[in-house]
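Which chain is which? They are A, B, C, D, E and F, in the order written, and residues in each are numbered from 1.
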Amino acid sequence: MEDDENQGGEIKKFLYVNRRQPHGTVYALESLETVLIGAAFDQDVSMLFIDDGVYQLKKEQSPDVMEFKNFSKTYKALEMYDVEKVFVERESLEERGLGVDDLLIDVEVIASADVKALVDQNDVILSF
Amino acid sequence: MEDDENQGGEIKKFLYVNRRQPHGTVYALESLETVLIGAAFDQDVSMLFIDDGVYQLKKEQSPDVMEFKNFSKTYKALEMYDVEKVFVERESLEERGLGVDDLLIDVEVIASADVKALVDQNDVILSF
Amino acid sequence: MGTLNIVNKSPFEKRTLDQCLKRIGEGDSVLLIEDASVSAVLGTASAELLLNASKQSKLYVLGPDLQARGFADATLLDSIESVDYEGFVNLVVTHDRVHSWL
Amino acid sequence: MGTLNIVNKSPFEKRTLDQCLKRIGEGDSVLLIEDASVSAVLGTASAELLLNASKQSKLYVLGPDLQARGFADATLLDSIESVDYEGFVNLVVTHDRVHSWL
Amino acid sequence: MKLAVLVNEGPYQHQASDSAFQFVTAALAAGHDVMRVFFYHDGVNNGTRLTTPPQDDRHIQKRWTSLATDNKVDLVLCVAACQRRGLVDDGEAKRNAKDATNIAEGFRISGLGQLVEAAVEADRLVTFGD
Amino acid sequence: MKLAVLVNEGPYQHQASDSAFQFVTAALAAGHDVMRVFFYHDGVNNGTRLTTPPQDDRHIQKRWTSLATDNKVDLVLCVAACQRRGLVDDGEAKRNAKDATNIAEGFRISGLGQLVEAAVEADRLVTFGD
């Protein structure tokens, strides 16, 4: 069973679920920091952007007008950290009038109905 | 005009709008503390409970099971502080399956459509 | 056994409960805690949403949070089981993973 | 001039915007700030809600919050006017009271 | 016009403190009198001098302190909220037998009456929160 | 079973810290091993020793400290979150030239790696937040 697998200290599968906008709270930034630190642990990492989380990947953010850190470029560096599985939910984009062309990075678009399967494939769900 | 009235140091009308549940956050408790302090200022005070705020007045709360302070009895003391205008929105009660019999104190039930008129009668709106 | 989904916000205040329910399925469970607990009570506007969800997922509510809010003696929706913190721990242990919808 | 209502949460996350709009009327204004700002953009699921509200209330959005979120060049709903912080201050001063929907 | 501002959330976690700061700055630039900023609930956490934000980020506490120093804006932390959250000045340290203080320059701790007073005296009160 | 807990909000403002405490208490009573409670975001504010809550209210920090002392639960505050919010121990005070500390007994400040490690080593991770 899954438990036995994990107890052996083998590679665990982490899914980071991002559901909040990038600048109204610090959660998006601090979630990203966890992903980057986690990458050093040689675990299997996936990121999922649903609901308002899709705004985190919006192009042309200028948080400097509010004196905020512009961490949106960090998403472009995810590949260098071997975080290559980035999923975005289609329905979340559509509800907000967004398409993949509006996003900073290449992502895999999945349907709402596929979210459960993705969650089921992972051992740890981190959602901030 | 209203501005001239206020600048003369006359009595201002305060409306406290309560929209949150009593125990999930500290806002309800700290809002009540403001009302009690405010009463000492001899201002004209009204309280309005809408949305999840109506849960603040629910009878039979036992926050002690979570080791929380039971401040619900404080609502019964409001009259002693000359806070007599307590309004509850009918639609908010109905949406939650509640009626006036479920409430700790006597209130004036108003319709959603009457909220604007109440707000318009007041000078300061405090909502936590 | 699937995922234990934890929801802690009132469906009258936030959309979290809908957002969770539409993305889970067979074998998953939902535990309503904190401000979400009140939605387990019979007769609220969120009853239908929960009844639909109960067709494929098991629903639980944290009793102490209901008691704190004055609903110790309230009738709950048929499809929802009340648990205490010991039951909460059991749910965590008997599901494969926990997903807190924050 | 009526009340300046400030909404700071996304209508996709919280129900605050609906809850505000159904309780205001003639002479009132709404200013969308922080995470609520994105709802001012053309083509989202909240467009109809705001268009209906605009029939009796004046709607504003805080431009800097839109810029921060990558919508500096986005087309906004016809009925919404973008203001900067100077405009925000002006709105506060020209309305009789401010109601922050928290 | 005389304005008062209420801040209900701490620094960084929510945008509230940032929005309030930008609003106050714009109000002062427009010639208005910002008589008081009252920090309530987690808002009192804006007043600690012990933060060390990343070098490439804004320093929220120092920004508020500058506003108090340069523009004589009265920054008040609610005493009851401070006690629940661990914000301490010399007086509170003495009263509650605490072995350290953490309040920053330009802030003072006082009662909730200061909020009601500000709402009474100001022409408009603007609240920033979660 | 080996459990890890993540707390993302400070004391009193949100119920998160209370729920986490009750959960950990019940897990220990059921014989489980709670290997670590990691405090992130505003959660680090649980670890200040400077609070003085009302006499008739619970003392959230002291409750956590007792848990660490009596049950050897590892209470870790995220260092980056601490720096943004002003939580300081002796080491941080030295590194960042702060003139006071405020960390409570039973808590330690460490990196985010401690969260990932806990998630790897524990059988289940349970998160409490806003």
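As a convention for this text, a contact is a pair of C-beta atoms (placed from the backbone, for glycine too) under 8 Å apart; a residue touches a chain by one contact, two chains touch by 3 or more.
Fair warning: this is a prediction, and the values are worked out from it, not measured in the lab.
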{"item": "Copies chain D and chain C - interface residue numbers shared by over half, same or different", "value": "same"}
{"item": "Chain at maximum distance from chain A, centres defined as averaged CA atoms", "value": "B"}
{"item": "Centroid distance [mean C-alpha coordinates] between chain C and chain B, Å", "value": "29"}
{"item": "Distance from the mean Cα position of chain D to that of chain B, given in whole angstrom", "value": "25"}
{"item": "Whole-Å gap between the CA centroids of chain C and chain E", "value": "38"}
{"item": "Touching two or more other chains - residues of chain E", "value": "8, 12-13, 15, 22, 41, 54, 57, 80, 84, 123, 125, 127, 129-130"}
{"item": "Sites on chain A at which at least two other chains make contact", "value": "23-24, 26-27, 51, 66, 68, 124, 127-128"}
{"item": "Per-residue multi-chain contacts in chain C, two or more chains", "value": "8, 12-13, 15, 34-35, 64, 97-98, 100, 102"}
{"item": "Pairs of chains in contact (touch as defined earlier), listed by label", "value": "A-C, A-D, A-E, A-F, B-C, B-D, B-E, B-F, C-D, C-F, D-E, E-F"}
{"item": "In the complex with chain C, residue positions of chain D that touch it", "value": "12-15"}
{"item": "Chain B to chain E touching residues, read off their complex", "value": "3, 6-7, 9, 12, 14, 26-27, 30, 33-34, 37-38, 40-41, 43, 124, 126-128"}
{"item": "Of chain E, residues touching chain B in the complex", "value": "6, 8, 40-41, 80-81, 84, 111-113, 115-117, 119-120, 123, 125, 127, 129"}
{"item": "Residue ranges of chain E in contact with chain F within the complex", "value": "10-13, 41-42, 45, 48-54, 57, 61, 80, 83-88, 92, 96, 98, 100-102, 130"}
{"item": "Chain D - residues contacting chain A, complex", "value": "8-10, 12-13, 34-35, 38, 41-45, 64-65, 67-73"}
